[in-house]
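In what follows, chain A forms one complex with chain B and a second complex with chain C.
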Partner chain A sequence: MKTPSLRTLAIATAVLIGAGFALVFFYAPNETDQGFIQKIFYLHVPLAIVALIGFVIGGIHAVRHLRSGDPVHDARSYVSIHTSVIFGVAVLITGAIWAKASWGRWWVWDEPTLVSFLIVFLLYSTYYPLRYAIPDRERQARYASVFAVTAGAFVPLNFMAVRAAESLVHPRTFATAEGGLPPKMWLTFLVCLAGIASLWYILVRFELTAKRTSAQLSRLRRALDGSPPPAAAGVGSRIAPGATTTG
Partner chain B sequence: MKRNAPSTLAVIATILGKDLRVELRTLQSVPAMVLFSTTIYVIFRFGLDRTRLEGSLAAGVLLVTILFAALLAINRLFVAEREQGGFEAIRLAPVDGTALFFAKAAALLIYLLALELAALPVFWLFFLADGGGLLPLLPVLFLLNVALAVTGALISPMATNSNARDLIGPLILLPLLIPPMIAASAAADRLLAESGPSYDRYWTWLATLGLYDSMFLLIGWAVFDFLLED
Partner chain C sequence: MAAALLAQAPALPLDDAGGYVAAAYIVFVLLLIVYVGIMAAKLARISRELDELAEIAESRERERAGS
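This part shows the complex of A and B:
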């Protein structure tokens, strides 16, 4: 494989996240209004951005799966969405903590980005029951891809609609992520974003490798268990090279 | 497509005609939806303990009821195709499978319009002091119906072909339908306001609904075929 190995990626991710947190605590200035609690921004916002991009990536893999019928793309789409849903849980938790600290309540409805994210999260959570309700492997993959494409297109529409519903009642006061971010904060934010993004990527790669390995393992096990008598040994030739290396 | 294959429009008309004929003969969707909506209004009357509704409360009761009634029809939309081999038939026929999507969406749209023909007067009679906001609400409702019909026709076959038919459909559709519900409620809220209908940002909501409808029509057109092949 031409992409960097998992070990290199893991080290790079650890370094990036370590550096990001070091910058958060020792370099980035305290925000004047919110003080120390604003620092959760460096975790919450990158997680949200990465999760949303992950959903879109899942949609792109789904399109490729529908076009080619290759189950590899379905596996990539599934793992992308799966990892993003996990990141989504972290986004909602960090969002709730931030809301509690700055507005005194665990949940507020007047932050359109967070509300939109909740809706997107709820939609993607239905991806699992959909998959598990379809026993046929091939059909499951196809339906899951149709879902991923539909949901991917839904994400921007949803953000638009929620924003439209809020903007009149509530002018956006909460402009931390908008312009006017001091350069020190920008740098810290970008390092954290890179760290979280590479964390997402390596988790996806790990999960895919694990899936591939366990599929290989069960194939080998089947070959060993059901290994036909020597006379018909040639039948299993496709898996034979792997079997000899482990043996 | 084969040379002598019927045009997609003709196929859509045929399937739609079949569905409407079945509905007229068996009366299994629309009457149930009307009955369901009327009962839900009565439940809201006691649940909210209100005999008159206006503004956001009126919008919520009206639209949520339509949404739930639509789910009833959506759950049933493809059941006959699965049980009586309609899916296989459309796969075997030399026609564009997407015709099934458009025909089902059209059938659902007609069911919803029929439902509202009965449910809107009932809602007016039960809860509204003044029906002046209902007329400008009609385009909003129509576009919301299109949203329900299009997403319903896209998600329903997935649910119907799964092991958990009645669960999967509503589970996926409810979050998927939040954006059109936001737009329709915002419009209805202002149109049914106590002080008389207000057209504040009326066109924004219509445009949002229209955008949603066209997006999901396009998505359905693009991906529906993949739900049919086996």
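This part shows the complex of A and C:
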């Protein structure tokens, strides 16, 4: 199947996010308990869901890399995790703003959902020092993949543990005794989720394209200079996929 | 069209709640702008390198043609 071009994806993402935000402010009703402040939900929750799924996708690419040894999968794993960490920063900031507005505090340490996300975020923040502490490119990719698989498996386990935990503070929105979200809110949420997911995907594609172009330029420079490739020297710290398209 | 949409829309509260909601969405947009800015800088560097390499290739071509 032919993957859509970056241009098409960018337009689709802009339309989805624009439509989502328009629905948030002009269509979705205010929530009874929290009122207008609940509008943060349509940004914060999709960002969190996409970031967590992105970490798992990074783990899946890492499994492929360990099985095949193909550096393309390592690059995909790295970029998926990298983009999800950026989304994670947005989740933490928007979550803190929502917490301050709803609970009067920027952070609540005895709330499992918040703390578990912070643990996942900090875990993935160690991915970079781990990766770049290893000078040999092949070992670097292998160790990073092992980390991505382990941490990727931790994400759903962590999610299930938090859902199993009793909490009186964090709102359960999707499956509550009262029936969850009304249809207008559901529609708005789904459009926002699609927009944020599309944004994640396009950023991953864009970053991979930039890395591939950069790697091709380096190859071209080496060919013109007549110098040996870094793989021959056995050392290199940059992620440089030979040819990539996200799958 | 935009005026009609705004006329239909409920008034956005500009009290504390409105400020927090605005802050959350502005943070998202700012992060996005920073990210796009970084990517634009990378793209500019790639473009510069490409120009450099094209120049090297062309000068070699000229040398070869001259000899």
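Simple rule for what comes next: the second predicted complex is superposed on the first by the 203 of 247 C-alpha atoms of A that agree within 3 Å, B and C clash if a C-alpha of one lies under 4 Å from a C-alpha of the other, contacts with A are read in each partner's own complex, and residues count from 1 in each chain.
Going forward, a contact is a pair of C-beta atoms (placed from the backbone, for glycine too) under 8 Å apart; a residue touches a chain by one contact, two chains touch by 3 or more.
Just so you know, these numbers come straight off a predicted model, no measurement behind them.
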item: Contacts of A:A194 with chain B and chain C, given as first, second, both or neither; value: neither
item: Which of chain B and chain C A:I86 touches, first, second, both or neither; value: second
item: Partner chain in contact with A:M160 - chain B first, chain C second, else both or neither; value: first
item: Which of chain B and chain C A:I202 touches, first, second, both or neither; value: neither
item: Touching partner for A:T126 - first (chain B), second (chain C), both, neither; value: first
item: Touching partner for A:S145 - first (chain B), second (chain C), both, neither; value: first
item: Touching both chain C and chain B, counted on chain A across the two superposed complexes; value: none
item: Chain B-touching residues of chain A, taken from the complex the two chains share; value: 66, 119, 122-123, 126, 129-130, 133-135, 139, 142-143, 145-147, 149-151, 153-154, 157-158, 160-162, 164-165, 168
item: Complex interface listing, chain B residues touching chain A; value: 154-155, 158, 161-164, 167-168, 171-172, 175-176, 178-180, 182-183, 186, 200-201, 204-205, 208, 211-212, 215-216, 219, 222-223, 226-227, 229-230
item: Chain C-facing residues of chain A, complex; value: 21, 25-26, 35-37, 39-40, 43-44, 47, 86, 89-90, 93-94, 97-98, 100-101, 199, 203, 206-207, 210, 213-214, 217, 220-221, 224
item: Contact set on chain C toward chain A in their complex; value: 5, 8-10, 12-13, 16-18, 20-21, 23-25, 27-28, 31-32, 35, 39, 42-43, 46, 49-50, 53, 56-57, 60
